[in-house]
Structures are given as C-alpha cells and as structure tokens.
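In what comes next, subunit A is part of two complexes: it sits with subunit B in the first one and with subunit C in the second one.
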Partner chain A sequence: MIADHDTVADMVIVGAGPAGLAAIDTLGGQGLNIHVIDEQHRAGGQIYRQPPATFRVSNWMDGPLYDEGKALLRDVESRTDINWHFGTTVLGLFDADDPVKQVWLNGPDGAYTLKTRAVLIAPGCYDLPVAFPGWTLPGVMSAGGVQAFVKSQQIVPGNRFLFAGAHPLQLIVADQVLAAGGDVAAVVFSQSFREVFKALKHMSVLWRHQLKFRETAKVLGRLRKAGIPVIFNHSILNAEGQDAVTGARVVPIGEDGVIDSARARTFDCDRVAICYGFLPNSELVRQAGAHAEWDRQAGGWIIPHDRDMCSSVPDIYVAGEITGVAGAEVAAEEGRLAALGYLSRMGKNTGDSSIIQRRDIESRLKSLRGFADLLRQLSHVPQSLLDQLLSADTLICRCEGRTAADLETDLAPSPHFNTADGFKLASRFGMGLCQGRFCSHRVTQKLAQQSGLDENKVGGFSTRVPVKPVLIGDLLPK
Partner chain B sequence: MALRDVLVIGGGLVGCASAFYLAKAGAAVRVVERGDLNREASGRNAGSLHFQLEHRLIEHGDAQAEQFAQIIPLNLMAIDAWSGLEAELGVDLEIIMHGGLMLAETPEQVARLEKKYALEQRWGLPTELLDKEAVLKRAPYLSDTVMAAGYSPQEGHANPRHVTLAYARAAAKAGVIFDTKTHVKSLKRDASCWHATIKHDDGKEELLKTQTVLNAAGAWAGQIAEMANIHLPVYPVPLLMNVTEEAPPLLDHLIQHAGRKITMKQVRDGQILIGGGWSSRFHQKNGRLDYDRAPEPIHENIIGNLAVATDLVPQLKNQHLLRSWTGIASVTTDQLPILGEVPEAPDFYVATGGSGFTLGPVYARLMSELILTGGTEAQIDLYSPRRFRHINMFMG
Partner chain C sequence: MTHRMNNHTSRGRAISIELEGRPLSCFEGETIATVLISHNILTFRHDKSGKPRGPVCNMGVCYECMVDVKQPNGDFARRRACMTLVADAMSIRINNVEKTR
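Right after this comes the complex of A and B.
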C-alpha cells in the first residue's frame, strides 16, 4: 500500500515508550499534527509493555516502581488527537536534512510514507548480545526478551531459567518469572559482591533513589527465600544441549579477572537468560545522518544532542536510551525536554513557565543521571571477560556464520581497511538479516583494539534503509 | 633499479589492478588512497560483467549505438581477462559466467535488440538473439511478458567485495606500497618529475617525487586532474543498489533489459542484487553537490527499481529487501572511458569512466602497458584524453 498522506505532519514520534509518551504528554493541547509510530500493538515501550487489548492480565505490572509510568500511559493512550501507528516499523528516513522529511513505514497493511517537519526518535535499546559456546541454541534468550513475554501475557517462556549477566535487571526478571509460576536455577553475576558494595557507598545517590534500592533489596530477599542461588563473581561458560538448552555451565572469575574453567559447575535448565547490559537502538537516527559518538559505558553508539535534545540533523530530536542507556525515568525527562525544546523553537510555549519546567527537568535529570552512572559502574562488564567466553568456533556473526576464529583471521593486520565498514565489506561480518545488531559492537571494539585507533575513527557499520528487512511484496504499490 | 616509478592515486579496482600489473612488470609503485581500499565504486557496485552493448548505449538512437559499438573490442578483452582472473590471482572471486540475458517486452525493444545484435555480429562479439520460447526455456523464472532476449554466453558477475582486494594483496606481494587514509593534496610538475603532497590520517604531510602519476580516482578523477592544472570532463553520478536476503537458487543469469533500467543477479551466497542505474541523490554543501558524503537513497527509486525487478521475476515479491545502498560512479561527457596520457600534462595518465568493474582489469593492463612501453598493442586512441584538447588548450 502506498497511502502517502499529502499533509505534512508537525512531528513524528518514533517509539511509544517512556520518552515518547512523555513527549506526547508535553506536546498535548497545542493543536499539533502528531504521529506516533511503534512496532508493538499498544503504547508502553519495553518497560510498560502491555498485554494485547483483548487480554486480561491480572496484576499487570504490580509494584510501586511502575505506578507513575502506568498513570502517564493511561492518560496518553486515551488521547484522540494523536495519529497512532501501531504494529508499524520505521524503515528509514529520507530527506532528513530538508525542512520536510519523509518517514518510510511498514504497517499491517504494507509500506507507506509520511511527510513531517520534525521527528523525535526514541526507540529505546536492545540487549547487548553476548557470544559464548552454545549461545545460538534454542533456549538462550535475553533477559529483556523473557521479561517481554512475562509482562505482556504472563506467559513464562520456558520451565527453568538460569540468568547470567551483570545488570540488576536480571534480578527483577527472575522475580517476575517466579511470580508467574516459572522456576529459576540461579542468578549469576560477573561482578564480585565487594564491587557492588563499593559502588553502593555513594550514599547520596542511594538516598535519593532509595525506592529503587528498596525494591531491589526486596526482590533479592524474595529470591533468597525461595532458595534461588544468587551467585556473584561467576560467569556463564557455555550453554549445553543438542537441539535445545538442557543445562548451562558456570565458572568462577579469579582475582585477575580470568575465568577458571576447571571449576565449572553445571546447572540443569531449559532456558538461559543473558543480561549483560543494553545497546542504544541508534540505527535509525544514524541512518538519518545524525552524528554518533562512541561511549562504551553508555552502550556504544550514542547520539549527542543540544539542550533542546536536537541531534546534529536539524529538527531530528532524540530522547531516551539512544542518548546513553540510562533507564525509563531519564528517558521520560528527556522526552519532555525534547518536546519543550521543539515547542520553543516553534515559538510556542516560550513563557516563564516553560523556562521553569525546563529547569526542573534539568535538575531532576542531573540526579537521575547520577543514578544511571552508578548503575553503569555497578553493572560494568570488562570486554576482557566477554572475550574469554569465546572459543574458536563460537559464532559471532550468526547470520553469515562467521566465528571468533574468523574474526581473528580476518582482522589480521591489513593495509586494506581500518574502518568497521571496510572490514564488513571484506569479511561479511554484519551483512546478514540482523544487519549487524549481533556483532557490530564487538567488531568495532576489536578493530579499535587491533588498529590502536579510537572507536570513533573505526566507526560502526553504516546503517542503511531499510533499517529492518522488509518483504518486497509489502513495499510495492498494490 | 626499478623500471619506472609510478604514483597511483585511488585504491579502487582500477588503481589496485594497475598497481599489480605495473609492479609485476618491474615498476616501483605506491598507491595512495584517502579512505580504505575498495570502499567507493569498486566495492559498492553491482558486480555485473556486461559484455553485450548495454541499455544505456543503445537507447539513444542508431547513430549513437553505432558509435558506441566501437567499445566492443574492449569487451572482448574483458571476456578474456575475467575468464583467467581467478587463475591469475590464485583466489576465488566468485566469478560466474553462465550467460546474460537482455530482455525485451515490446516490439520496439525487440527491434532495438535486433539492431544491437547486428552491430555485435559486425564487431565480432559472440551473442545470440533468443525468441520468447527460447528465453523462457533457458530462464523459466522470468515473467511471460518477455518477448525476446539478447544472450551473451559469457556474461555474468563477480563479487566486488573480493576483486579489488585480491588485486591489492597480489600487488602488495609484488612490492607495491599502499598508503591508506592518505589524501593526495597537490600535484606539481617540474622539468623532470611530478611532486605530490600527500597528507596522512595523523595530519602529517609528505612530499613525494615521482616520474609518473596514474589518476585512478574514479568519480574524483576530475578533482585530481585539477591539481595537475587540467580539466577532465568526468562527472560523479550517484547510484542506488538493492539487495535481498539470501534466497534459494532462483536466477542463474545476469538479467538486464533493452528498455527498462534493471540489472539482477544472484550471488553465490544466495542474495539477489538488484540495480541497473537508478539514481540516488547527492547532498549539498554551500550550494554545491557534496561528492565527499555518501549520497542519499531516493524512496521512489527504491520502489521503482523493485517494481521492475518483480515485474520480470514475480517470485522476488516473497523475498525480503535487506538493504539499499548508494555509490558514486564516474561518467564522461561522451560515455566512453578516458584512458591514456594527458597531452597537456606529460606523464600524467588517467583511467576512468565506462563500466569500470567489467573493464577495470582491462584498463589496468592497458595502463601498465602504456606507461611502461609507451604504447599498446590494442588500438585505444579512441579513448585518449587527447579528445578533450579543446578544453585544456587554454589552461596555462
């Protein structure tokens, strides 16, 4: 279907998670022509992922952590002055530098385009892919993926889960799995308890975010009470099984950061959930030509912006994880800030109240970012650990079947390339269906390490339209 | 002592292959490339090996087609070159020469194919003219709107990801020095040689003295020529390509058309490359076209290109479009390649234009021969930059 809408929208918002919702809330009542695009079938994003409208899920997302977000979600979702495009994927942005931009979409009825003057890109993040022997076996999932099932339908996608990673989210998901009737074999953290404790010494931050810590402590208590081992200073070694996961081996990490495979122990499980952190979903905004910067702590390629949350491309705003992975609250504040920035540039809502609003947001953001920084320190995984998990035949680029050994050979010092793109062309890493989402993070870092160049010099894989593969039949005029 | 020293500007197919042949014949060669090797046209093209007279050459009427048919001897040399290239370089380049079809769907297009066929016969290019039944027998995956096809048994494709790098590796073995991430900034000539200023990635500049310069800068060849104080009528043009996910075996020919813009082929890994000269768009900078930034894809052209492809091979509708990308090719004012020494700039050679992937290995051999022996066995005066004397005669 090519249902080109002739009119030009004021704003297209990509992503109806916390950032997008807050922006919609702030933009309300201004008579603007706003379109909101989301791949899911309802608003909420990953964190407030809702069950389908026809489902009734009792106790959907219980707990004080989610209350504020749920209220906002209810408010915004009922708005009728917004053009919602659910179940719709953004394939790309054309004419991004021009005053009127074209957004290329694929919805339930096929592909179409929308014209707009401004775009707010707030597509969140995805789980950091971590390769280890067995990671491509059916049954290995990301903790985020597990959570999506549990949240939206109270379906536990498996029987017995082993969680392994470095991010505290895995505690929450393990707790949710238990509550929904699943079983948890263990929750394995790579950092030592001492490291966690050291990071937690920043009491001021702790105090201001005590709700989150209290919740996490409660979760930890519940897991312990249920007899679930929560193990620190250990890492997953491999997932076992012929056609699907039947177990996982876990190893201690020595003082020197080296894993000790001799002391591996095996857990029976049919699911392994990985939770080492998150990568900003920055493919679309990079495709639009926005400048990106490498920040490993913040998740890789993040998008620098000005005070109004505008990227290096005029009228393309960014908010949430793509400015650095920092969680739902930061995302919501940034969404508001982007909306206010946009309004003031349009000459709307420029009075004192907006100045005060902005100041308030900025001060809240400062505190929230302090917490996000702490969380990053706390959940830091050294690349050297992830490197140790690889054996020669571990797939790194799963689409093209390229292994860790291939990566080493292909990267052998070469006069032919020192950019990730040059490498991709020469080696096929990142050329497949996932468009590099599984391997680009590692390839960029490895190339930087090898060449002695900064990641910013090496670059990521260029992102191109369509940012997600699309059926050719869906693209054609019907 | 080296036979001659040559500075090659540009690390695309033409630059790397020329460097290889020059070094093999005993020249001291240095290749300067501002980015990575094979990252511009040579690594982004469609990989078609075109030997029939292409659509763009026959669509402008009989007189023009007659003129362009003079290129056929180069195509014949290219058939030879590609047939032996894997053996020559000792590597797999995914060269497939199973034949190519140029399709016609209207009586006018059929008539055009007939004229093209006559020209090809006259110039000794082995092609055939197939009627509908014969085409569909050879290529049952094609839509039955096809009425006829020109067929070249040698046409096909090779993988652009490999070819230039294979030449570069062989060249490095033969002693060629590569400077990547290095720009050529200026070129000056005195009585005895050329002085080139090059700038490395770390900001350091270096002054090189060289007897000979080979301008293999593709779409940027005009800019390099300006450094040598001459005009070269080569224009950068922004093109668009599409590729599908890996598909089961579907197409085993190079597909092109006598009246519509399309090329299609399935590479060994299964992806289907769809292109055929659809344009993308340059960004602008300060009111001028920006040749240093990747051009932007055009939505209508992606769709347009895919629509032609699915008209001809309906099964393609069931494949996913994996990505679209853009690349910059170089086109000369008269569509013929520019090959040879520039009369106004002694020892300054140029090789660019035309279907430079297909013809790249041939350009490279010719350039090496010309630079090292002062002439070529094959007649290539037609392509000499001499034909642009009228624009350079006032350049003092």
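Right after this comes the complex of A and C.
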C-alpha cells in the first residue's frame, strides 16, 4: 500500500453521482475535511456521466430535465475544498464499527487507505442482468452502458440497435442513439399497453411530474416519426450470431403471460440493448456490516436507514439507489438529508433553518417517491417471464460459465441448500470476477423459491474485501 | 456504422495505441473500450470454452471487458477496458484465452 494519509477525514463520500454531489453541496464550505471517491474519471455519476475533460461537447445533455442536475454538478465540481479521488475503486471498509474507520482504495497509482470518522455510501446502481440465449454474444449490452458510450464517450457503439426490456429508459436511449446518427430496429416492452395505461391512472402523480411525461411523450413521437417500431407485450427470445450479434428474435407474450416461440419474428441488428430495471451497488455497504433487506421491486438488497440516512452501522450513511432504486432526484434529496443528518449529529447546523430544510426535503421526497413507485409498477417484470427466457445452456453465471441447467442440477441433489453462500461454495455460481453482480439476484430468488424460505433468510452472496477485484501488483509498493 | 459523434464534439489530442502489433488511432480521453468498438472490435476476451465476450455494462460492474494492458516494466496487467483511459503508445492484448484452473 502506498501514500497512506495520516490525517483522519471527517467524511468520505463514495460516489460522485446525484446523491454524493448534493451531499457535497450541503457539507462544503464548513471547514470539514471531505474526501470523495469515484471510479469514473469525473464527477456526475451514471446519469450525468460527463465527457472526458479533453472533450468539448456543445449540446451535452440538453433539455429541461437535466438543467438542475447540471447546475449542481458545475457548482460542486469547481469546489476546491474537496479532496477528489477519481478513477479510484473502494476495495473495502475496515473497522467500520470503530470511531475511526479505514477506507481501502485502489487508484491510478495503486492501493492506499484513508482514515475517516464518517462515510456516506452513495454508489448508485447498474442495469438488471437478464439472461436469455445469446446474451453473452459480443454486441449484447445494457441500455445504460450504451447510453454512457453516447453521452460520455460521444460514440454510437454500433450500427443498428434492438432495445428490449420493461423500463422506459430504453425509449430515452433509443432516442439518443437515433439523434446521434445510429439506427434502431425496434424498442420492445414486455408489459402490455393496457398495463401501462392502468399504472398511469394515478393522475395526481401524472400532474405533478408532467414535465417527465411530456418529455417521454416527445421521445415517443420522435421514434414513431422515424418509423421505429415501439412494441408492447413482447419479449426478446434470443440474440443470434456466431462471433457477434447479427439479429434478435422477439416473441409476443400471451394473455396468460406465456411467451409464444412459434410466433417469433427476427430483427436484423448488430446490437441488443437490455433495459429491465436496475440493481443497487450494495456490496460495499453490506461488506461494512450494514443490515440489508430484500425488496425485489426496489432492486433487491436495499439498505434500511434512520431519518438521518444513517445505516445500522454508526456513522455510515447511505443515500440514493441503495435505499431502493428511485432515480436521480430522490438520490439528490437523500444526499442532502444525509449531509444534514450528519451535521446535526456533529452538533453543527442544528437550528430552526436545518429543521425547516429537512422538512422541505422530506415533503419533496414524498412526492418524488410517489413517482418512483409509479415507475416501478410501470416497469414491473414478472419473474415467470424471465424464467421462460432461459434454455438449458443459457449462462446464468457468466464468469464461471454456469448454466440454467447447472443451476437445476446443482440444486437437485441437495434440497437442503438454503443459503446463497452455501450454494456458491458447492456450485461456483458467483465465484468469478464480477463477484456475483450478474447472477446473485437470480440465484437468491431461485433458492428462495426452491426452499420456500424468504430471500432475507437465503441471503445474497456475502460481500468481502476486496469488494471489487484487485491485482496483487496494485497492492505492492511501486 | 459504429462511429464517433462529431457534430457537436471536439476531442482531445489524436494519439495511437497498439493492439497486438496493430496500431489503432484514437483520442485522449477515450477509454480502451471506446477505441476497440470504434475500430469494430467487439471481442475483448474469450471465455474458458473459447467463446468471444465483449463489454456489457460499460460502468465497471460486469468484468466482461477485461483486456491486458502493458505496464512500464513490460508485464501485462488485466484492466477493465471500459474504465481505463488510453494513453499514447499504450500496448494492449485481447487474445488471452483464459486458462482453465
């Protein structure tokens, strides 16, 4: 390990997305020693993932939906009282229960540690992995990944994209691909239009969040005008190709929720972008020992917290998607709330203004969470649909090459498997480089289903240090 | 075609990296993943059964984009192509068929 900092920080913020940025905005300028860690090379998180500093992009994230977030990003990014650690991965938290905690990091120059009294973990989320035949073919990507190529790296990472999923984000990404000169074969939603309509009957939510609906309607209009089929009540069946995607088959879903393979149609495309929702990056906070609870609709393992956004571990705060996937605006409000909670516990900023600020945030959160709930209902995917997409040789654990059939056969002789960890040891599911990020969601649900136990009993794969893989060479002094 | 968007974008300095002896033109600020995809290279590694794999998440989570990047001491280190910025004359390798354990 190199360059250990001896001073003890007041706060280490993990993640410079909307939640982290809002927390910095609240905590900055008060003489606190704050460190911010992010794996990306600039602040913004996935939603405001910026082009590299060497780029100039005149139309970056234009549109009324992003103005507020962009303004916050500009303000916070220019702060000089913050210690930024970009291109840096958090490997783990040691002594999480102690007043002085150790954050173990791997940056561009290798591994090092930071000591701190408090941590705010706001690591965001990633696209829900959905397995189907051909999903390991090069060219199958997550919609979020495609979007990041477009908005940050300023490339269209393919020629003709087929979007498939259940989350409305895929409309936005399809629109961005189109505007950037790419081609879109179709946007396929698994829910029926009737379901969407049913969810949208909450007119009060519609009214309060009309800007978002109006922007989405505009996107739909543009896609229709460009002749892009937007298809409801259909699912991807498989991706085709030898060394890379050359097409994808799409099937209708029957009234009974059963897919009808006989009625599959093929779309020519060289990319498939998957968009079924999001999973929170909960590994680090779970490694730190915080209590996690299963909530499938909210993204799997989410972290309960008190009114100050503090997790079950003292001085470890959480904000954003790991409290339940709910989008950037909720994340920002929670980041502010965590910062205010921290300040009041430190005996700073405890006056009336802080109480009023917190009340305002809580009332905004209520409205925003109403929208997030609606979005969850709207983009719900039944597990039975995801199960139908598997064939025997479909990989579930991509890293270790374990298939859907392996999942069944590994479970069959041992009906007593009732923890994800036990199953992992016996089966190698989740032992690869992604550390289960791509299979644990399904393995936990499968075990729960088979054992009849609650997901909270089955658990996820235990998260251990390092929570992301690190090269031995990075740990050695240079 | 996979392409760089140019209508509203100016990039960093034009540089070049080398993939197994083949020079790939690129720009400062780009990730290895961007450069490979922009040159229509989609296979970033092979799995244990020799099947091709490429980037999925583009945000450092899936580890499907691991490539070998040459270090100053001549060794190769495995890095996530989607998280690693290119540098002029960087040398990378993708045909690292994983050895079975």
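Everything that follows uses one rule, which is that the second predicted complex is superposed on the first by the 474 of 478 C-alpha atoms of A that agree within 3 Å, B and C clash if a C-alpha of one lies under 4 Å from a C-alpha of the other, contacts with A are read in each partner's own complex, and residues count from 1 in each chain.
One rule holds for everything that comes next: a contact is a pair of C-beta atoms (placed from the backbone, for glycine too) under 8 Å apart; a residue touches a chain by one contact, two chains touch by 3 or more.
Please read these numbers as outputs of a predicted model, since none were measured by experiment.
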Touched partner set for A:469, first subunit B, second subunit C, both or neither: both
Touched partner set for A:417, first subunit B, second subunit C, both or neither: first
First, second, both or neither for A:94, with subunit B first and subunit C second: first
Which superposed partner A:148 touches (first subunit B, second subunit C, both, neither): second
Partner chain in contact with A:113 - subunit B first, subunit C second, else both or neither: first
Subunit B versus subunit C as contact partner of A:434, first or second or both or neither: second
Per-residue touch tally on subunit A - higher for subunit B or for subunit C: C
First, second, both or neither for A:102, with subunit B first and subunit C second: first
First, second, both or neither for A:398, with subunit B first and subunit C second: second
Touched partner set for A:158, first subunit B, second subunit C, both or neither: second
Shared subunit A contacts, counted only where both subunit B and subunit C touch the same residue: 432-433, 469, 471, 473
Complex contact set, residues of subunit C against subunit A: 1-5, 8-13, 27-31, 33-34, 37-38, 42-44, 47-49, 51-64, 66, 71, 75, 77-78, 82-83, 85
Touching residues on subunit B, where the partner in the complex is subunit A: 35-39, 43, 161, 165, 168-169, 172, 178, 180-181, 244-246, 283, 294, 296-299, 302-303, 306-307, 309-310, 316-325
Touching residues (chain side subunit A, partner subunit B) in the complex: 2, 92, 94-97, 102, 104, 113, 415-419, 421-422, 425-426, 428, 432-433, 435, 462, 464-466, 469-473, 475-477
Subunit A to subunit C touching residues, read off their complex: 39-41, 46, 51-60, 87, 89, 126-127, 129, 136-142, 144-146, 148-150, 153-159, 180-181, 243-244, 281, 398-399, 401, 432-434, 437-438, 468-469, 471, 473-474
